[in-house]
Each structure stands twice: as C-alpha cells, then as structure tokens.
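Two complexes come next, and they have one chain in common, chain A, joined by chain B in the first and chain C in the second.
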Partner chain A sequence: MDMDEFQEMYASESREHLDILNDALLTLENDPENMEMVNESFRAAHTLKGMAGTMGFDQVSELAHAMENILDELRNGEIAVTTEVINLLFRAVDNLELLSSDPDQVEDLEGLIKELRNYTGDDTELSTGNQETSASSNNDYFSLDQDELEMVEDTPGETVIIKVILESDCVFKSLRADMVFDALEELGELIKANPSIDDIREEKLDEEFQVLFLTKESKETLSDALSNISEVDTIEIEVVEDLDDLSIQQESTGAEQEDESTIDGAKDKDSKSKKKSKTQSLSSRLRSSSTIKVDVDRLDSLMNLVAELVIKRTQVESVARSYDLDDLEKKLKPLSKVTTDLQDAVMEMRMVPISMVFNRFPRLVRDLAQDLEKDINLKIEGEETELDRTIIDEIGDPLVHLIRNSIDHGIEPPAEREEKDKPREGLVKLSAFHEGNNVVIQIEDDGAGIDPDVIEEKAIDKGVASPSEIENMSDQEIINLIFAPGFSTNEEVSDVSGRGVGMDVVKNKLDSLNGSIDIKSEVGKGSTFTMKLPLTLSIIQGFLTTVADQKYVIPLESIQEIVDVQPEDIQTIRQEQVIHRRGSVIPLISLRNKLGKEDDFEEEEISTVIVEIANDYYGLMVDSIIGQQEVVIKRINDLSENIEKIAGGAILGDGSIALILNVEEITIG
Partner chain B sequence: MAKKILIVDDAQFMRTMLKKLVEENGYEVADEAVNGEEAVKKYKEQSPDLVTMDITMPKMDGIEATREIMDIDSDANVIVCSAMGQKPMVVESLEAGAKDFIVKPIKPKKVKEALNNILE
Partner chain C sequence: MSEDTQQMIIFDIGNEKFGIKITRVHEIIRMKEITELPDSSEYFAGIVNRRGDIVSVVDLRKRFGLEEIVETDNTRIIIIDFQGKDVGLIVDGVSEVLHINEADIDDPPQSMVGIKDDYLQGIVKVDEDIVIILDLDNLLESKEEIELDKEKQGNE
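For the complex of A and B:
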C-alpha cells in the first residue's frame, strides 16, 4: 500500500494528539490528582505510537512508547506527578513535534529515551513481546513422565504430533498458540507441548512449537481446524506409530517460571485501570464524525472564484444602472442576495476559532514563568471567537512576541511585586472578541507598565526621535515610539523576548493584515496591547472616492463620518489646516498632497472623510465621493512610489481599478 | 453481496488505513465508530458481518465494547486491533469473545489474512 497518501492525514492527526498531550500535561501539572488527564495523555501517546509505527516513523514511535510507559506508571500510582516528570514529558512532546516539523532541531533522542526509561526504572526492555528467550528445549521429542505415557496408552485413537510454524513477524506468539490449543480442544486430548505450555504462555518460543495430541479425527479435519487461525504459516501432522519414539524422562520444571506471579499481578492492575476511564475527555472534541477536512488551498481557490463572481455581478449591476434597465436591475437583486450569501458561506468555512492559536499559550507561559522564576496566572477569554484562517496563521508570532514581552518586561519578579503591595502572582489576560467587522485581541498585564520617561531616553539614545521632536509629543505618542524601527526597551537583549525581533515587526505584520495595534499603559499598574484585525482579508466595505481622477477606496472601518467642509471653516494652527468639529480640533490632510498629485482646491466645498486612527481624528480631503461599495482586495505586487500608502487594489464594477488606501500610513507625519 | 465491516478506532488515520485495506480486499465498510459506545450503537443499527475493534479508546474501550457486542449477538465477529505490549488486553478481548486480533503497526497482509479467515 502506498503510504504517501496518508502522510498528510498523519501529520494533521498527530498534531491534534500532540495538542492533547500538551493540554492534558498542563492541566495535570496544576491538578496532579487528575487521573483523567493521565489517561488522556496515555491514550494520545499510545495512538501516536501506533500511527507512527504504521507509517514507519520508528523514532516517533519509540519516543511515544517511552512516554506511554511513564504515563502508565503515573496511572498506576507507581510514580508521582512532579514538576520533574512533567518537564521530562514536555521535553518528549517537544521532540515529537520537532521530529515531524524540524528534525534537525531534535535533541539527542537516544539520550532522551534513555532518560524516560530510567524514570520508569525500566532500562532494559524495549518493546514488550520482542524478548526472544530461546525455547527451553530444542528437543524434537516429547519427554513424557509415567502418568502421561499411561494416558497416551489408555486413550483410544491415534497419537499425533502436530508441528505448527507461525509467521516470523507474529507478535503475540503465545496467543496464537493458545488459539491453536483452543481449536484442538474439541477434537481430542492435548497431552503435552514443546516448548512447555508454561513457557509458551511466557512467550518463550520461536516460530515453531509442537503438540502431542490424542485424537480420533483425521489429519484433514485437524488441519482444517487450524488453518483458519491467523498468522499460522504451516501445519505438519505426523502420526506416531511407535510410542517408544517418545523418550521418557523425568519432567523438569523450568526455573524460569519464578517471575510469573509478578507478571500476572501487573496484568490485573492494568486491566482494572483500563476499565475505569469513562469520563468526558478532551479528545472528544476531535470526534465529530460528520466533519471533513479540506485543504486550505481549495478553500482559497473557492474564495477567489466567489470574489470573481462578486466582481462580475457588480459589473452587470453597473451596466444596468447606466442604461436605466429597471427590469434587469430588479432581476439582479435576488442574484446579488445569492452571491452575498455564497460569499458569507465561503467566509464562514474559512473561519476557525482563535483557540487554534491561543491553545499554544498556556504552555508558553508556563515555560516562560519557569525560566524567569515568575508566578504567572494566564487568563484566556473568548477563545471561541472566529477569525479567517489566513489571519490565524499570521498572528501567532506577533502574539507570542507580545506575551513574551508582558511576562519578561511587564510582570515583575514575585519579591518586587510584594514590595509594591501587588499579589505575588502576576496576571496576564488574553482575550478576543468581535467588534463590528473586526476582531479585537487584547493582551493585558498587571505588571510594571511602560514608563514614558524611559522610552524617551531610549528613543533619543537609539536615534529613533530627536529631543526636539519628543518635546512636542504626548505621553501616549512617546509610548508609541516602541513601534518605531530599531527600538527595543530592554538594554540587554534578554533570552526570552529579545531574539532581534522588535515591536516594529509586530506592527508591520498587523499593517500587512489591514489591522492595527495600540498600547495603553500606566506606570506601576500594567499595560494593555490591543490588536484590531479584519474578520476576513479578501473583501472589504469601503467608500469610493476620487482624487485627481484616480479612484481610491477608504476602508469603512476607519471612517467616522463624511462632511463637506466650507473654505471659511478651515483654520490654520501651527501651519496646519484644521477644522473644529464637535468640540475637537481635526487636522485636515489633503490626499492630493499626500499622494503626490497637484494640490489645487477650487471647489466651494471640500468633500472630507473623517477617519479615526488610534483615537485621533483626521479629515481626509478628496475631490469627490462616489459612495459605499464592497470591494475585493487584490494584492499589488509592483512597488509604486506610494506603495506604503496603498493597502491593495480592487477591480470595480465598470472594470476600472481603484486603490485601497492604507489610512494609518496616510495620517502619519 | 460484499460482506460489511464496521471499523472502530479513535484515530482517523487508523480508520482510513483500515478502510482502504477492507476495500482492497473486496469487502465493504458498513460504518466507522470512534469509541466503544458508538461501536455498540452502530453494531445494533447495522449488524455488520465483522467488526475491527481498537482497544484503547475514550468513553468505552474495545474490550468492554466487544463484551457488549457479544451480548447483543453471540455470533458477532470481532477482530481486536491491539498495540505491541497490550497482550493482557488482547487476552481479555479474546476471553470476551473476540475471534482474532491484529497488532499495530498493522500490516496489510495480516489484515487480509484475519478478514479472510473469518469471512471466507
């Protein structure tokens, strides 16, 4: 059978079992009495072992097997749940992950497996069932004692020697032998086996064993009865003509049988604990048999098709409008509803709960807390919030960075917290929720907060901003400097949140996703990072405007209102044009100016789109406003001069192209 | 008509692999179940000709499920799928009434043999 086609399924399913292991071990660490978690982990390790073995991934299989043994002893209460054993198991999980994702990073596997085995006090045995102890007797003859010989002589029927050869890769040979004995039971009398039945029961046999059997049945009947047993390779039946061929000896009791009682004891315990686990389990979330898995690429291409359909629909609509075809327009209404529904349905298919990313964090936080010797309580809220798969894939790294920052720089060491009258345990809260067409993710900590004075000093030091620039900045603006390229608040780049990735990388990532990030921080109280992300990437609602004969789309999510500004309303403060509106001063930005076009407003009124960016309002002056429209974002690859001000392109109903403005970029500087 | 087989395993990977082997050998998959409880339920609904039964599963393990299936139908054909090192469990399953066993990592040849031995 071709194993390649199972690769992908193996990859995704083993991923799920690794997640279960991670979750269960975390829960177990906090709640060492929780036997269900031990069972849970055991099952996951066990399943992994089996899957990997079938795929021929021996290292994975062996590692999982070693874990399984430890978990089994935890289950039986032979060893206790300690940080040490949990750490060891976590290391095994990490390496299992690496074996499938990045095999070069795997630590010394043999050493790890040895460590795991040592922990169970079992460093000799590899996998059970493989111990080939040589059969206690290689003698082809049966040694009968007096009683047995008499029995053979007294029983009517023929005496036969049945030689059974099992397939060489048969695992539980003793069980196959047992099945042979069972099948023979009704057909006659079993006198003796070679190796002895006791040895066979202890797996002390090679592929071959022989049975001395008394029967009235024919050879054929015997052979038929045995051939239906799996893994039996050949059966030879030979009638014993002369009983003298059977050498008579004093039966020797095998000295090897001493440890039998201990094996039986273990068996009992094992099967008892097997029966217990019936409670609801984590892994139940894996089994909704009515779901199918679809390659993300397929969904992407479906998404693209739907996007094309939306474009084509808008094209037809615009023809209907320009030729005043009322009938056509009417007919198009239901079509447009269907396409909208279709679009929603496809979007929904791409939505996955944010728990997919959040799930990693309990483990991350645990490890960080341990490394940094801090006490951290991680709270997660809203993990069921759904987001487009593409976005989920992208936000993992930024989130990891922010959480690391919170724990490394935010939360103070326990002693320091006590001095400040804070609880020893620092709180990191991760939450997600919907807000309009956005998903908001917050990372909140009750740590030291960000001190603007410190930021100020560093910013000047690093040349991110000049002292005169900073003089005019509000505290909030100063704090925002941490997003500037080349800024890092920590002097010595620490092991944990250093890694040469700055907050500017986080910000860039969010920009590229059409999202935003801002900070609220209070010295001594803590910080909150708020990320806003679009629900989906591909289709946005926006206002279509024209600037110097080119169409631009302003994303609806940032728009507050649209006003016509009269020239006499415009005031100039510090060489900046502003308007007063509802008690606040709103700076005006000429898009012509920003986009490098000729800036000459002659109109009486200036159409202005008021946008909100990070709690500040700006008025974007445009030539005219066409109206609200749904546009499909297309990536623009070639780098035009204004590339950072443009978030993408869109094809409009009439076939023309509009550029989607990156409003945040426009309002900077 | 092709004989029908109920595949019971909590790992989708194993189910898919078994399904392929079942079909390659000319049998039909009646249904799949992901734990013992579901296996018993589906056995009642479908009365398959044979069941491949994983041992280690959540909710209800394969041994208990084999027992319950044998209670429903004393002629039921159950093949347990065990892992290396699960010998005691295999013994228990055979005592519960399983007709045969296969050992993971499963080998196509062994599955074929076990199926044919019972169904042919």
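For the complex of A and C:
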C-alpha cells in the first residue's frame, strides 16, 4: 500500500466521521438534552483528531482538538447547548471538511481556533487528559464477564493470549490489526482484544495490542500465520493455564470500567450496549461486519467488462442466426441467461441508497432557514431507495438547487404565512421511490407556489419568450419556461439561489442522465418538482429502427406502441401532420427530416413509433423497424456541440454502430 | 538516442507534411465505416467502432477547408489522446516515423500555408521537406474556420 492509498483511506474515513458530526450536532440542536449526541460528536472529533495526527495533518488535528474541548464542556454541563455554540461547531465542521477537500477555501483557521478556545472559557486541556485515560485504560489483562468466561470454558481447545507488537513506524495500525484478526479468524475463536476492538478500529492503539484467543492449533502455526503480516514486529504467545486468573481480573476491573464509562459520560447507554454485545464473541462481531469498501472505479471497470460481454454475446448470437446454427443458438440461451444475471448482480453492487445524498440536506436546510429567517420542517421519505452510484454522484447539485429554490422562493416568511392562515413552519418534503424502471425523486413544498403571471412577465422581460408566443401557452407551459436558459425568477439575485446556475442547468443535468423533470404548482398552495431517473445508465432496452440506412435505437421506456400508419390516415392540422389514435391527436415527426436526411421515403405503410414525453404523445416515423434489443450505451465524445439529438452510441452484433435517440430533444419544436 | 530527440509520426494532408509526437498517438488504423451524427459541425466526421469503443473522428481535410477526396488505400485514422479521451484524425496517409532533434524545431512563423500560428507548435526541415507540427489541442478545441492555402498547394 502506498501513501496515495492511505490518503484515500483517510479521505473516505474522515468523510464518515464528518457526516456523524453533522448529524449528531443537528440532532443535538433540536434536542439539547441528548447527551448521547454530545458523546457521539466527541468521539467523532476525537477520531478525526487521531487520524489527522497519524497523517501529519496538524491543522485538522488542532481544529478537531478545539472542538473536543467545547464538546467536553457541553457534556460536563459547563456550557449550555445554544444556537451560538452549535453554529460555531458547525463552522468548525465545515472547515474540517474544506481542509480535506478544498484547502484554499478555508477561512482564517487560527481565528476560528481562538474563537473555539475562547468559548471554552480558558486554556483547558481537559480532553487531552481524557484521551489519555481512555486510550491507556488498556491494561495488561483481559476483563471477562460471566458470559465470556462460560464461552471460554465451553469451547474445546486452548486459551492463549497473543501479544502483537507492530513496527514503530507502522502507518495504519488498525489496518494491520485487522489483518491479524483476519488471520486468526481462520485458526480459532477470538474472544477479546485489548484495547477493545472498537478502539483498535478507531486507531486508538499504540504499537502493541493483545488478543485472547481460543484455538486447537499449536503455537507455531499461530506465529507462522501472523509473522507473514507486514509491519508486524514481534508476536508473543502465552497459553493461559488457569481460567480463574481471568475471572479474578474481571472483578478487579469492574470498578475501572465504571470509571471509564463515567468519563465517557453516558454510563447507562454504554453499559446497556455492552450488555447486549456480551453474548456475542468477538469473532462473530467481526464476521457480522463482513462488508468491504470497493473503489467505484473498480466497479466501473467491472461494469464495462460485463457490458463488453453482452456485446460479444450478441455478436455470437447474430452469427448463429445468420448461419441458422440451431445447436449453437440452443447452447447460447443459457449463456445469455448467465450474462443477464451477471449484469444484474453487478448493477446491484453499484446500487447505493439515496440517503447518501439526502443526508446532506438536514444541515443545508437548517443553515438556509437560519439565513433567511424562515421556519422550515424538512421531511425525508424513502431515503433507503437505491440508485446507481454514478447517478447518485450526479444528482446532488440539482437537488441542492431545487431545495434552495423551495426555501428561498417557495416558503414564505413566517409572518406572511400566518396572515395566509398557514402554519408558521413551512414544510419541505423530500421523497424518493421506485416506479417501474425509474426512480422518482420529489421535492414538495407548501409555499407560495409559482404564479404563471409572474413567470410570463419575467419571461418577456428576459426575452425568453415573446408576448405572442406566450399568448398561445397554457399555464403549465408558461411555468415550464423557468427551465429555459437565461431565466431566474428572483427579483434580485439572492445569496441563496443566485449562484449562477439556473433551472436550465438542472434540466440539462437530468437530460444528460436520461432523466426528466416536471413541475406541478398551485398559487398559494405550493409546488412539487418531480424528477424521474433511470435506475441505471449503461444498458437499456430499445427498439432498433432504420432511418436512411442508419440504425437508431429508440429507448423502450418512452415507447407507447408501434403502429403502421396508412397514408390516408394522416391529416394535416395547422400545417402539421397528425394521426388520430384512441381519441387523441398525435403529431407525426419524420425522423429523416429531424436528422437532416433526405425526406424522400415512399412506402405503402409508414412504420411509426409512438412515444410519450411529459404526458404528450408523438409519432416518430422511421423507414423500418428491426426489433427490440438490449444495447450498451457508449458515450460519444462531444467534439461537436450540436449532437443533443443523440444520447449515445451502441455497438451492434455485426460491429456497426447504432445511434441512441434522445427522444425528448427530438420532440422539441 | 539522446534525450532531446523525439519520435514523430509524419502524415500527409493535401501536399503538406505534418508531424505529431508519437507519445500522443495511441494507434493508427485503416479507414473504417464512419457513422455520421446529425447536426454536427462539418469537419466532425462522426464516430467509429474501435474494438467495441466509440471514438469520435475529425476529418482534417475538411478542417483545413480542402475539398473532399475519395478515400484511398493510404487513408488512415490516427487515434490520439485529446484531453484524456481518444479522438481519431483522418489523414490522407501516414508516411514515416522520424527521430527529430528538439534543437532542429524552429518556432512557427506567423502563418504557414494559411494556418495561423495559434495552431502551430513549430516547423522542422527534413531533407527538402518542411514538416509542420500542429498544436492539436488548439486545433481541435477551436471552431474557427481554417483555409489551407491552395495556391501554395499547387506550387509544391
């Protein structure tokens, strides 16, 4: 492992602890009595301090240390939980985040640290003391309770104490310790570690740790297994002859444990959770967390390989078909099932809960509400809904923008709300759920709603649409103008929503993800923004069609039906060709025309694909329809700016390229 | 080989010879079927399937405002790295790979056969020929029209 990998590990782990801090502080603000949250924050700050210390990030560790001190006074009741102190702590968290992501943006650190120190009143170094007590409470013995002792007695084999000393310049001690545990796992049962397994995982260990271990293996086997682990300096193995030694120690350490939990300040909770975990041996706890972290890039390359496999499979299938090789086709069927299953499995691996994005929002909403002096109740539903990792990474910014809009433009100031007989507190509801092959994310508010008259005025003012154009528009169409480039509804650009991105950017982002966005709004009642996203990006089902000798794929999700239109069924209304179908009028679009090909195609019947876009139907006229096919979307390097009509390319079984149509773009205008 | 020589791939467009550092080149492939994209700029030829990857291809003849010619057996696509992605350049032919001494590369003149120095990295004399080293990044990024000097072409 080189330093880069450590950096990466550090970055991802510190991210977790920062999230914990954010969550805990938010909960604490709403529930100032909740000492568990103070403790959780303290632990997170403490861990961050330790991790940063190991990596030599002094600023991080100093800042985290200053936070620790305040948190320590909070739990001792020396200072009270106020908005002021929470704000200060949040500022510290934000800067900790910046230190690891964007160090240039960090505000005056010394000033902030000073402010934090001043808040604690004096130069107290209390928590350093604390840290030492909790870290050095590891003594040279194990304290077993009754359950553990029984387990030791009931399990056949010898009880040994293994003392592991790591090399003094070992960088990630907890990692090495984990490797030791993994190696031991295979040879017997881990009973207990000293320092505790949790402490070891949080890097709260020196060069040395001990493990109480049950095994049938010889000393030599054990030491062989462990000595292969790098950065391990010495291993001492000692057989415990008399179990009583352990239980006697239990009594003597009883008091000490008590002490420790007092220091941790959450005596009750702590001892309760200890009781729960008592019946589990350490091994089973290790096993229960059998998840691994995998770099997204690796998943991406796995995904690409599977996609490749799908392409190759279709190639072989097309050979089998063109040579009428029945046997081969039969043999290919199970292969096709396996690849599909494999594909599903990889997809599933890439799925992450949307809470990864949603988690940021309570904090965001709180800060916004404070800045804008509004009362906001944020409700989150469906945060367990899973989405492809790539999409999760992309939708964060659009969501932030929409939530900002809801709070800034949507929710009225409290006084105004009361006048309107609305509760003082505005509601913003963020929800996610699955719908077919899509994930739907909704942002709903009970604010002022979007007034078409205001939009109309603004649109004309900004030159987004002309008065005569607007005259023919429905209210819904007018509201949709907010997605037009160059539109921003706010009178003056506010600090909150006016960050240079408009709704057009949100829409573009969704388009690029093959998603869509709709607005429903009622003046005085509120607005709902509905985003629809595909579950996954890379493989889609579509209909393969030909237009002027080129193959195009129309994504299945937008297709309603496929019909053969007789020339006599086509009518012309306002210079537009339309057909009547099931009582509705469907405009026809010639793809030859749209794609800049010669429109000289004459056929008895015209193959037409009826698609649905934002509740409207269109008929796309093609030369012929080849059939349904699964294709792997490949992005096209856009050296040219004007290829919005094409969502990507796909390689077909015969090696030729089919272009995937961006149906939404095709149906515009 | 001393440190200050570099290998260059020499290719032809019209009557001119151009050079590109071999380190920028991934591979040189024969002309293959190009799928055109609707509404794209004139010189953006389209996309090709390179072993399952889709690569965008630029027609350098069109980029230099030359008339289209029928592809020949010599026509090649040079796949280069452009901003971390593969891009193909259609050229009339690839003639040779040369070792060129850094010291022999002269600064570009203000313009060379109608190509402004914005798109030039330098020129180098090889025997009787002048090889033009293009600044490919600027060339591919810019949308400005370039007209290769046709008169000069005829004279050569």
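Keep in mind that, in the parts below, the second predicted complex is superposed on the first by the 493 of 669 C-alpha atoms of A that agree within 3 Å, B and C clash if a C-alpha of one lies under 4 Å from a C-alpha of the other, contacts with A are read in each partner's own complex, and residues count from 1 in each chain.
Keep this in mind: a contact is a pair of C-beta atoms (placed from the backbone, for glycine too) under 8 Å apart; a residue touches a chain by one contact, two chains touch by 3 or more.
If you're wondering where the values come from, they're calculated on a predicted model, not measured in any experiment.
Of the two partner chains placed by the overlay, only chain C lies in contact with A:I657; chain B stays clear of it. Of the two partner chains, chain C is the only one that A:I311 touches; chain B does not reach it.
Within the superposed three-chain model, A:K645 lies in touch with chain C and out of touch with chain B [touch as defined at top].
Once the two complexes are overlaid on the shared chain, A:G596 sits against chain C while remaining clear of chain B. Once the two complexes are overlaid on the shared chain, A:M9 sits against chain B while remaining clear of chain C. In the superposition on chain A, contact of A:M51 is made with chain B only, not with chain C. When the two complexes are superposed, the chain touching more residues of chain A, out of chain B and chain C, is B. Within the complex formed with chain A, the chain C residues making contact are 33, 35-41, 44, 47-49, 52-56, 58, 85-87, 140. Of all residues in chain B, those touching chain A in their complex are 10-14, 16-17, 20-21, 24, 32, 34-35, 38, 56-61, 63-64, 83-85, 87-92, 94, 100-108, 110, 113-114, 117-118.
Only residues 1, 6, 9-10, 13-14, 17, 40, 42-43, 46-47, 49-51, 53-56, 61, 65, 127-130, 169, 171-172, 174-175, 178-179, 228-231, 266-267, 270-271, 274-275, 277-278, 281, 283-284, 286-287, 289 of chain A touch chain B when the two sit together in their complex. Across the complex, chain C is touched by residues 308, 311, 550, 594-596, 634-646, 649, 651, 655-657, 659 of chain A.
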